[in-house]
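In what follows, structures are represented as structure tokens.
Shared between the two complexes below is chain A, which pairs with chain B and chain C, respectively.
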Partner chain A sequence: MQWSVIQWRSRSARWLTLGCLLIAGPVPGAGAARELDQGVPFPLLEGFENFGEKDGIPGHKVHSVLKTREGQLWIGTFDGLCVRQADGKFRRYGPEEGLSHKLVLCLAEDTNTGDLWIGTARGLNRFSGGKFTTYTQTDSGLPNNVVYGVDVVGETVWAATAAGAGALNLRTGAWKIYDQNNTLMHEPWCYAITKSPEFVYIGVWGGGILEHNPKTGSFKEYRDPDGDFQFVLAADAGPVGDITSWVYWEEGVLWQATYFGMSRYDGARWRTWVEGKSPLLSNFVNFVTAHHRVAWIGTDRGVSVTDATNWVNYAVSEKGEGTVEIHQPHQPVVRQRLATTLANGFVLGIWVDDQEVWFATSNGLTRGRYAPQDKAARVAEAQP
Partner chain B sequence: MKSLRVLWLWLAPWVLAVASGYQDKPEPERGPGPDLPLPQSAEQYPYYGNTPEEMLPFRGVEPYHRFWLTRLPFRGPGRDYPDPPGLKSLKVGLLSPAAYGPEGARGARTRRGVLLAFEEENAQRQPGQLPFELVQRQDSPQWGSAANIVVEFKDNDVLGYLGTVDGDATHVALRVSLKIETYIINTSDPDPSLTETQIPWLTRIFPDDRQQGWRLAYLIIKQRGCKRVAILRESSRPGRMGVLHFANYIRRLGAPAVAHLLYAAGDHHLDSQLHAIQAADPDAVVFYGQPEDIGYAVATFRRAGLRAQFFGFDRLKEEGFVQAAGPAAEGTTITYFFDPDRPDKPWVEFVRRFVKRWGEKPDVYAAYGYDGAKLMMEAINHAGPNRFRVRDYLATLDEWDGVTGHMIFDARWDNIAPISTAEYKQGKWHFEPFPELKRPARPRGPTQASASGVSAR
Partner chain C sequence: MGQGRRGRRWRRGRARGVIAGACFLCLLGLGSPPGGLGLGRALGGEAAPLLIGLLLPPEEPQGLSVRQGVMLAVETANQAPGPRARLVVRGRPGQWGADADEAARMATEDGAQALIAPVDGAASHLALQVAGRTAVPVLTLCPDSLVTGTGVPWMARIAPGADLEAQTLFAQVGRPADRHVPHWAVVLPAGRAGREAAHDVLAAARQMQAEVVKTLDVGTNGVAPPSSVAEVLAARPDAILVWLDPAPAARWVLALRGAGFAGRLAGPGRLAGPEFCVATGAAGEGFTVPAIVYDAGSQASSRRFTAAYRARFGQEPEVVAAQAYDAASLLITLLRESGAHPLHRLFPLVWTGPGASGPLRFDRQGNRVVTLTLRVCHHGSFQAAPASSAL
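Now for the complex of A and B:
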């Protein structure tokens, strides 16, 4: 028996579930997620494919993953930068090829030029024309060598570092540093950068989220409203915590990842989720990205996917089996085993588009395969 | 008017019923000290630095969600990774403050304690056992410098590291630790926010300013009966973070600070601060900053005729305070971690060995440095050369005995062993008896502090 219905809230839900059981039958794994897709307004994954040392990935830990506009797949690992080649194997670039340090933490593509920007534990790198150009705190305006986050905003490359955010103007080559001296940051410990058409958002460790308007030069901060780290006084009142581990904006929605749960801000209203009081898999959130207003949340025990109403969790059980768990309003929570699973539940980075999803984990890289469906845009239509 | 009377008669029962719900509950019977147990589950760790309930924020309001009642596990892989090949030594990092910076002397004393521990351990290694090697790096007083040093530690394949005194540097180091998955034992940073980040890669054995803050608040308000407390603190991040919780605690005890003044480190022009504090007419002044600066301030304030009682944090125990304050130091009361003249054998023996090695008595920085180094090496001896198993050993400790005394670790891996106070009288610090923790130090039943379920119990 592959189905595990853990709540039977209503008669209709029971009939619906029993109906699904009859449709799904006893066949485990691939394809089963499709039958679970009763009303979930975003695509589900039905299987995973894992990549590791056998495929040329050095070491275990993959920190970040990025697919370029041309479809090239890059990963940042504990031991170098890798690109997936036509034969499916990964080619490694390390300090031997000019990378400033082997520990790669973050990646971004300049979609105007196709250049790749690589944040490492010792400097920022630009990969262009097959060559690396490095920027360190001693030979450029980079505020600190440890680069946790990078993004390209128009003609400016933003780097979130251990001592402030650095902005490199690609046209002039001039750097500007944003830290406790010229922004609202108490401490200049930056973790992530994201952008909207109007603003640059900086995820600040201990400082919540900083919203910067490049046109006016102004800053605004979003902070935990209760001012205390040890609790969330009230749900949905503001950022769930001030220790931002990642931040991502897409289609009018700002998502904040913290080690205290998740937050969502649509410009008018905050929503917050913590483990145990919501379907969020874990409070320890390493990463968040979004696609069509659906957030893909990398935690230390798997991936939560949500449109803020419906939740789908992909986790690895203690036995090492893949599980999917679906939470929908007024419906029983449904869990199911999957035939395949994430390389590891400790998820550090995610790349998602309409074709596939890639997961950077602490023990290898994973490709997620969508179940056939035709509702990628439904969330965007449904949400305000 | 009649209609108003009718309305009041109709509303009165409701108003009274609601008001009765907000009336103060009768005070619970108090024990001799401030260690009243919180009404929390026996499956949870002592909450919020063991702070008494009456000083907790939003007292009486149950928040939507509380953190720090259980320990955050590390769910990542690594415990089964093979040992690094070709090991010639077991490396441990030591991140010290810059020798020329404000914390340089404390860092030097920490280093002496650490070095003594390493020398003793290496002298006892058996044939076939790898020696320990200390990889030493000095921070610079510049934001983010510690991050680069921790990356160097990673490049050197350390199995764990120790450090440092500065709250900002340790914060920055901790962030990198999370990425490189290498455990820190902090032996000297009192910044309360350090462990608030929930990163399961750090144990702090040094009592923090949160614990000192509530102990000081209890002493000043509840025991000494002061009602008008002024604060003078250094204008810096350590100063801001140092008194942050204290200021909240006295407010929650019904005595918000009547003045909160700042000064620049080393600034001897304190006229404006003095006048503002005099105008506030305090019966207690709490100081936070470098001992020499506070000593100067204390002397200045007394000379100007301020009669309030003076209080401070542990650093005023350093000689620089009394030297700068002179006779004005008399009556100053501080929080402190243990009596340095206590007669128990582990401490006495440690002092003897330290004096023999370095020609001077150890202070708290040297002693906690020694304990931190011993604990790190114990973890590596137990777990082998694997950073993840070292983490599991350290992150699952509930209690540990060092030369500094018995340590009790809470859900944030802070040492919350009760601390006490010392008063400077007739040229000497007099220590109050050290209380005991009057609640279970560890949760009842199994607690999971690591994904592997490894427990050091």
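Now for the complex of A and C:
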């Protein structure tokens, strides 16, 4: 193997070995993840492939990525919505085709109909049968035009906007608006939406997480217990912060991304992680998704992956160099330079399935290839 | 909690490089256009215009001053060689949240490379939400401490924090001869603005061990009905903190003095301008505000700014005009320095330099680092407080 596996315990040793690594330079990554694998109970990535303007992506910034049930890859960019075609090139849809705004912030699929829901900087869009239907603040019940998050919950489309959450009943066409006037919402600034079989979770900028039971119409609030935006005075006691930048629920676990770290709630217990006191790459977390019970966390310095015990970080330096770092309990940190890496460290969206991982970054789209192992099932079988 | 994301060494190093370069150019006499920060002149060559977006809701109380301050900064910067700066101003009436549309529009359609957010806290948060997703940096004029508490790495606040201003007042305004702890009443705006101001003011009171015996939220129109004035005075405060914008603050000062209150009146630093002084007249005599202590360089910058503002607009500048001027000047300087690189990489700002509103220096959270003193209204203008400020 050409890779240099580095293990260190002390800060001085870390700098020494890092210096040696930089001298050694990048090396191919085939098989590296297997070499690195020291019992991490979820798959590692062994390589990255980047996509940009040469592939038909119109702008540098990619804000969201989604793969439909049929395997079609969609991305939301600073300059339009794109779909990956059979030849690997991306086809763009912009305002010229009926999209309400060029900046696409979020995507969701209605798995019942196959329709795509698109949140933009000016309005919500439905892409169905090759045509766009737009919903804006002035011609619908959408609370605000800036749609940061969208999800489909049964027959209802939920939109997280800058002035409340909007719920569109697809059967009746009726809208409901949820904001500080009719919920526990501390501020009306909604940044993300996710769902569990029972609840809808709204990520609120400045208001933590709001849990809504559609059957009863009730709301429950999860707030940072120390009441301070900046400082985590009570670890593992509740959400790490009230500036919620994203939320995601999967297999009984609710993950919260904030600008002050990460939180995990399994219905009984909160866990929190902050940079410096945990392996989390950066406190500035813009996105989190989960595959089974493994969270994929998009920060401004790369991606952290964790099952709440083990951590794997795919970091990008300011010079564009990539590293993988593995943190496991009672084991030294393993760090390795990567031959290929994310298109950019500022990661705004992630899509994960059993085949691959896609990353929306501020300088293009990246596909991550798994090492040839099958650990997803093992993670799925684990208890929360 | 670790705040290491803000402390990246390379960023600090780079920002320090900018500062060092600025200082060097100033020493050589190459920089310092009148009232400016003095970096642009050494950077010649034609380049695409630098675009700054100013989010300015129509209901912004001192909107005209903010706009004029930013305009003057752009005009001053464009007198120097280097890429020209351009300004786009957006803000429209509408339901709550309309400012989010406008901020997003500037960052996307207009192509603004940086935003200036207004004094209003809600509008500043909406701009910061756009910044969180687009990495377009924001300088805000909002004094609310929670604005810099949002954790957006590429933001800074030009206005001194309301918490720090209130602490200064509670600490430096003396106590009455017959009491160890002065009793304060606080008049706050209603709604969200009042909630945020109360958060900072009451925290400052706790920290400085000042006793707040009464708080009263008043309507945004600033009307001071006799019943409300009587309610405040019934608490028998030694001093009253009027934490409002200039026009409503002036109405309250007139009403309180008219009702016979003879104790100390005080308010936020942004009141120390002509609008408040003219509106209060003799009733404003003795009104106390916190003010930034200027160093020699900032005194010179302030003099140049005031002269240029007076010549351009025919009036004396408000405090927020100087802050808006500094925000725009700083952004233009940073944009010229960052060149082809994204501006957000220069954040957190480790900036030290003179400004029209006082020395410009920021901590890792984007708070402006200032030393505050007291200024007192005397004969229609604010002057250094006398050595004894006993109630």
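As a working rule, the second predicted complex is superposed on the first by the 353 of 384 C-alpha atoms of A that agree within 3 Å, B and C clash if a C-alpha of one lies under 4 Å from a C-alpha of the other, contacts with A are read in each partner's own complex, and residues count from 1 in each chain.
Criterion: a residue touches a chain if its C-beta (ideal position, glycine included) is under 8 Å from a C-beta of that chain, and two chains touch if they have at least 3 such contacts.
Bear in mind the structure is a predicted one, so any value in this text is a computation, not a measurement.
In the three-chain model built by superposing on chain A, chain B clashes with chain C. In the superposed pair of complexes, A:Asn344 makes contact with chain B only, with no contact to chain C.
Looking at the shared chain after the overlay, A:Ala121 reaches both chain B and chain C. In the superposed pair of complexes, A:Ala234 makes contact with chain B only, with no contact to chain C. Of the two partner chains placed around the shared chain by superposition, neither chain B nor chain C is touched by A:Gly207.
When the two complexes are overlaid on their common chain A, residue A:Gly322 makes contact with neither chain B nor chain C. In the superposition on chain A, A:Phe284 contacts both chain B and chain C. Touching of chain A by both chain B and chain C, each in its own complex, is seen for residues 63, 101, 103, 105, 121-122, 137, 143-146, 148, 161-164, 187-189, 191, 205-206, 228-232, 243, 259-261, 274, 276-277, 282-284, 300-301, 346, 362. Interface residues of chain A facing chain B in the complex, by the touch rule stated above, are 60, 63, 101, 103, 105, 121-122, 137, 143-146, 148, 161-164, 179-180, 186-189, 191, 205-206, 226, 228-235, 243, 259-261, 274, 276-277, 282-284, 300-301, 344-346, 362-363. Considering their complex, residues 61, 63, 78, 101-103, 105, 121-122, 137, 143-146, 148, 161-164, 187-189, 191, 205-206, 228-232, 241, 243, 245, 258-261, 274-277, 282-284, 286, 300-301, 318, 346, 348, 362 of chain A touch chain C.
On the chain C side of its complex with chain A, the touching residues are 1-5, 10, 95-98, 100-101, 104-105, 108-109, 125-126, 129-130, 132-135, 146, 149-153, 345, 365.
Taken together, the chain B residues at the contact with chain A in this complex read 47-48, 57-58, 61, 63-68, 72, 74-78, 81, 142-144, 147-148, 151, 154, 168, 171-172, 175-176, 179-180, 193, 196-199, 237.
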